[in-house]
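Structure below; questions to follow.
Chain IDs A, B, C and D follow the sequence of writing; residue 1 opens each chain.
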Amino acid sequence: MISRRRVVPPLLRQLGGDRLGLGQAAKSAVSEELAPRTRTADKVVQSICPYCAVGCGQKVYVKDEKVVQIEGDPDSPISRGRLCPKGAASEALVNSPMRETKVKYRPPGAADWEELSLERATDMIAERIIRTRRETWEEETDEGQPLKRTLGIHFLGGATLDGEENYLIKKFFSAAGALSIENQARI
Amino acid sequence: MGSNMAEQHPVGFQWVIEAKERGAKVIHVDPRFTRTSAMADRHVQIRAGSDIAFLGGVVNYIFERDAWFREYVQHYTNGPVILKPDFQDTEDASGFFSGWNSEHSAYQIDTWGYNKSTGEATAGKSEQQADVSGEQAHGAHGMKLSAGQPPDIDDSMQDERCILQMVRRHFSRYTPEMVAETCGCSAEEFLEVARALCENSGRERTSAIVYSVGWTQHTTGVQNIRAASIVQMLLGNVGRPGGGILALRGHANIQGSTDIPTLYNILPGYIPMPHPQSHPTLDTFVELNGPDTGAWGNLRPYIVSLLKAWWGDAATEDNDFCFDYLPRINGDHSHYAMMLKMLDGGVKGMLCVGQNPTVGSANSKLIRLALAKLDWLVVRDFQPTESALFWQDSPEHESGEVRASDIQTEVFFLPAAAHTEKDGTYTNTQRLLQWHHKACEPPGDARSDLHWIYHLGKAIRAKLADSEDPRDRPIREVTWDYPVHGPHDEPDAEHVLQEISGRRPDGSFLESYDELLPDGSTTCGSWIHCGIYKDGVNQAARKKPHSEQNWIAHEWGWAWPKDTRMIYNRSSADPEGRPWSERKRYVWWDGDAGRWTGLGDSPDFPPEKEPGYRPSRRAKKMEAIAGDKPYILHPDGRAWLYVPTGLVDGPLPTHYEPQESPFSNPLYAQQQNPTRQVFHRPENPYNPTDGEQGAGVYPFVLSTYRLTEHHTSGAMSRTVPYLAELQPEFFCEVSPQLAAERGLEHGGWATIVTARQAVEARVLVTDRIKPLHVQGRAMHLVGAPYHWGGVGIVTGDSANELLPLALDNNVHISEYKVATCDIRPGRRPRGQARLALVEDYRRRAGVKS
Amino acid sequence: MKLETIAWPGSYGDQAKPRMGFFTDTSVCIGCKACEVACKEWNQIPMSVQGFTGHSYDNTIDLGANSWRHVAFIEQRKPVDADGDGSLSQVAARASLAEDQGLATYQEGDGIRWLMASDVCKHCTEAACLEVCPTGALFRTEYGTVVVQEDVCNGCGYCVPACPFGVLDQRQDDGRVWKCTLCYDRLKDEKEPACAQACPTNSIQYGELGELREGAEHRLAQLQHAGQREARLYLADDDDGVGGASAFFLLLDEPEVYGLPPDPVDSRRELGSIWAATAAAALALGAGLVAAALGGRR
Amino acid sequence: MTDPGPAAEPARSYHGQPVIKEPVWTWEIPCYFFTGGLAGASAGLAYLSERRGNEVLARRAWAAALVGATASPILLISDLGRPARFLNMLRMFKVTSPMSVGSWILAAQGASTGLVALHAWSGRLARPAALARPAAALLGLPLSTYTAALVANTAVPVWHESRGLLPFVFGAGAALSAGAAAVAVTPPRHAAPARRLALLGAACELGAKELMERRLGELGEPYRQGPASTLGHVARACIAAGAAVLATRGASSRAAAVAGGVLLGTGALSARWSVFKAGFGSASDPRYVVGAQRERIAAGQTPGAARTAPRVASPRSELGSPATAS
């Protein structure tokens, strides 16, 4: 059917039931085979909007390991499939042209960034945390009461981190005695 | 009030529209006419920072009209409780409560307690002298009441010293006329709101109050919310469908970041961090922070299970379950306190994870100067933010104050994974945890924060593996082995959630925190989340379509505690356990079945405790909570009209002027909140406030806020093409009157000046900003959305440059919503000239710098 | 109510689907612009930063090749306590704040009101753009909607001045014209168009045109009943200048206030007379030529 | 860009924004209005002169027709957003689209003229050429006037509202153009018919355009301001001057004939430009678009597209409420 319509030129198709050529006769091959990319996606997963705290449900469509569409999840009792402009822009957020995917390092006093491998960066940061911790450790108060902490390190977390991430951060830095673990809630 | 719901929570606002369609009345009380006001039946414009005066007026109105919900107040609140004879109200002490210690500029709160009770102030008092905040004074935690009974009660609530009468007296001067004078609205407008609230409350009807950072970001932030809770308790609007005080939070997991805190002063589940002087051992910690009665009576099982989750086998009965591994707090170690310490060189390293303080925090310049003092800075985000680039580009670079080469801070930028690139939970604004599934791998070096902290932790542990240093033992012994998967060894988030939920001795998953044991045989990373993995099922990942269940949607996600969708819902039934009305039934007592039942939510109450239950004299913990006391987190099971312990700035809300205000306090001799945190130093100058020399140099009120089209510092919106184009430039909103007075041209440029900074913005002249008449003078508001900065598809000056640090000492949140400023036509000067302009203003205002 | 258009359902026979459309109820629009973004996301429309306009919160300016949804923002000063068309909430608030029924007046406040409305291609019953398109790039789909086919359009630009709503425009650096497709591709999977699905307050309702119109009549009655006398339906009738439209609106003021024409007309309605005049002119020219050639001696 | 701001509420428009879009057409289009008319009318002049045995004039007129018929498609294609897709113009035949109809006319007329030219030079294809001559002449007539239908069939008030006269203006313009071209290149003694055509065209052009602008009334303002007005003056001046020169010395002096021809040609071109530009002015100002429609409504000719009276007596909120609608 489709193939037949494609070989018949619109001009002739006009003769069959669409004399003015305003409808079916004008339909192009592309229009004929058009399919939404939600249909052609490899998979769809249920997610939650990363912006405000309403917690709207999102459906994330993936093709070739890339997010191709994010839209509201109609199953959600919170949002009933609806999204605000920020939520609706989530695909553009994860695929933003400005997104940086390389580690960057700026040495003291340098005028610009340098490249650095992730492993090296992790190692260097580990060293610095250990060093700073030793340098600024407070074992006890003047009265000899236990402090067991460092105030030489300040952590400021955003509020878009997952609960599990926050848990491990609080757990580890507490174990390290790094006391001042703070987040957006304070701001 | 204090919320711009239609703009900041548009999808949540669908429920407001729906309620409205069903006949609900929507009233918006706000300094600005916003998109929320446009949808409301009524918009009442009040002066920024006058919310307590307005709500106090409502309280006064409720008493005047005798509109309070007697039965609810008598049984469910501490209204009948008699206070200590030596407590003095602000009415008697010209703006101060009893116990003011001007030397520490802090309160000693031992006079604030229930009459004949002991110990409730212990925590509070000692903390006050240590000058730490109410949060660290541990709210109700310290309160001791035998059998959960306030010792001295007058159920008739006629006694002069009973809380209800105290509250009545405290607000007796908050008359409609006083409200009008203080807030700038008309007495009629106020009365409409008060009447509407009262008429829509009671057995048959309920009213809800919605707030956001419009209330928290003040030097009286906590008391703003307290004032609302007094209104709602008096009207019986808490724990009932259609009622409550709804805190609309601004970030996907900001609620979760408080429940499982990345906050210095609490442990998961709001367990306080220990203090050096008062908590040498686990026993003293539990003794001082765990009341004998109520849900907090089980503090020991909660913290022991947490310590076991963290230090596993290393945590034993003999070593106090590694209690002394926990770092101690003895002061304000919050964000701003640390930034000031940083400025003085006391902080060597900082990690900004998904946070952009040079745009999002107040007094951006101070923040940048502080960052420049660091040895090292780690920033994890989608792209280098203004904070990650502070060494390269800033107003100080433009003015020549600093050069990149002068800044010795080492900076690491680590690209972060997006929500679609990782598994995990977000806790929404109603305590609902929702799991989001990973859709694909993060690009390039981008990793989840879970991956980052886990592998960073492993690296540090490896380096310290054979350290003999006892201070390294907590790191060496912390349980840190999570299964990993995928090409990047991503830790299994679900496994972390299991640890949070907790396990029984036999390793099976716990049902609820009632099962937690004090002997170290159970583990639980966060007692309030206990059961989120019950039956070995990720309850947060439940996604049964709402169309297949009732409106409570109990099978979608999981809410702490115990999957309770509406907290304190026992109060939706009367003391005998019957619904207050057929129309408003939610949870009620089923006498035949001998248990609490309802529309489908979990009762936030012991399921089989009948309404008539009365505790024995020796009862402790939950046994001490009577069958008609819904507020189980409080040792007396009552909601607190009056807060005997836990707050640093008073047991009752009191109107104080903002740190910077063009007006004097019409209610009290004391101008500002006496306990507010201010930092007098050159980097943080304050504009003179009314009555002080030079106040007229900054004659207008400045308020910063957000727009629907952007997200906080813009790091998640100015970099997104489709959002950037919607609000492409920093603009300010002014009234036609102010525009005329200052010669501002609609669509042109204006420069806004404070003692901190001068920024430029496009001008939007609009009738939506209305001058108010306050104390016989016109009050002009300059509205400034704060989303812009130097990085992004669209850029601009940042409004937060203008703000000082002035904090609510309960929670250390700064006053973003009110400051004073001047505004002038045209773009700001560049380079040195910009400094000169700010300096000139300071000189004229007599601000030292 | 007559929904037929020239080519729909006629030219599709048994392939014709129900005529689908939008009912945009501006009385509940909160101006969040989710529709604009959801549309651009789905249709992958280029970003178009146009700077700060000063048109209230509208920096999109109008519909065009790169904005297929446009939210209009209108701030109006309303005389307080004015009668009739005055500030309804003022009057009503005093009268009935105590009543159980919530006030049904929307988007009004203290002496001012802030109108917000999401505009879109109307998918007219008599669509000038479609009729003047020489290539057939514009066509009437089986859903009764009007779509530009990007594989056919050659950018002749005729539809641009032909549209009485100024919807279509040419995309620079691309040359073709673009406009709302009512998410033709999503419709094929019976998915709601992106804007309607996103709309938080259901201001944009999508469905079968017949049902939408019925609902709209009741909505109008509801608002009129509640004293919202300025409420009106726009493009909801077969007898207007474009024979009604698949995308119609509930407005709270005159159409031109929203940048919409009060009486749009499909120019084709005059095409007969235009052709006649053209033919007559051609003949006149012929006569002139003959006269010139024959006139006088050689 | 700024506006008075909400303080001074704009007179019933949306922040002063246009309601309809300005055309996206560029300089090629008004030029084509000219060349199309030139091609069309020249073919007619050529064919008739031929029949009258005026070979000298005929050859030159055919040449002018050829020039016009060659230039026209080039101009049109270069104006396309996607020139490579010009053939899509013949993808369908749509009577509802003057541009579609015109494309077919232009194609046919151009082909005929081409055939005539081919035969004139190569002498081949005599029989087809014999048919092509009258075809080109005949098709030339609608070719000269359909462009008026094209612009009249839009939402642009200044064009649409003058739909009755515009084709005559364009027709006259075509005659003028063809006459002028021929006069300029033909020895005066052979050019009498061309002169008559030019003068006749000039008279009609001036008359018809003037009448059209008057009839438009307020909607005609765009003709009285901005580029359209300037071009209008130029057109009138050139046409008047050219006509005068031609009428007085055109028959005797070759130089005068050339000058007159050029002046008239310029006038004809300017006149097309003036009409073209007026369309932009008319579309960009909401006053004209809304104004005309408001008058119709005020005059009770139409209720307009908005209606405040519901078609149902009593509301059923379960049907109408956005809360319940899905």
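Simple rule for what comes next: contacts are C-beta pairs under 8 Å (C-beta built on N, C-alpha and C of every residue); 3 or more make two chains touch, one makes a residue touch a chain.
Predicted, not measured: the structure shown is a model, and the values here were computed from it.
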Query - Farthest-lying chain, centroid of Cα atoms versus that of subunit A - result: D
Query raised in the report: For which chain is the distance between its Cα centroid and the global protein Cα centroid smallest?
Result: A
Report summary line: Between the Cα centroids of subunit A and subunit B the separation in whole angstrom comes to 25
**Report entry** Distance between chain centroids, defined by C-alpha means - subunit B, subunit D (Å)
**Finding:** 69
Report summary line: When centres are defined as mean Cα positions, the distance from subunit A to subunit C in whole Å is 35
Requested in this report: Go ahead and note the Å separation of the Cα centroids belonging to subunit A and subunit D.
Outcome: 55
Query raised in the report: Touching two or more other chains, which residues of subunit C qualify?
Result: 28, 32-34, 36-37, 41, 51, 53-54, 56, 75, 77, 131, 136-137, 152, 200-202
Report summary line: The positions of subunit A in contact with two or more other chains are 10, 20-22, 25-26, 70, 74, 82-89, 92
Report task. Send over the residues of subunit B in touch with two or more other chains. Result -> 10-11, 14, 17, 20, 708-709, 721-723, 726, 746-747, 766-767, 793
Query raised in the report: Contact residues on subunit C for subunit D in the complex?
Result: 25, 28, 51, 53-56, 58, 61-62, 64, 72, 74-77, 128, 131-137, 152-158, 160-170, 174-177, 201-203, 205, 207, 214-222, 224-225, 229-237, 239-242, 251, 254-265, 267-268, 270-271, 273-275, 277-286, 288-296, 298
Report summary line: Residue set of subunit A touching subunit B in the complex reads 43, 45-58, 60, 62, 65-67, 70, 74-80, 82-90, 92-94, 96-113, 116, 118, 121-130, 132, 135-137, 139-141, 143, 145-172, 174-187
Query - subunit B-touching residues of subunit C, taken from the complex the two chains share - result: 28, 30-34, 36-37, 40-41, 47-54, 56-57, 59-60, 75, 77, 89, 93, 97-98, 100-103, 105-114, 116, 200-202
**Report entry** subunit A partner contacts - residues on subunit D that touch it in the complex
**Finding:** 90-96
**Report entry** Of subunit B, residues touching subunit C in the complex
**Finding:** 6-7, 10-11, 13-14, 17, 20, 23-26, 33, 35-43, 45, 192, 195-196, 199, 707-709, 721-729, 731, 746-747, 762-764, 766-768, 770, 793-794
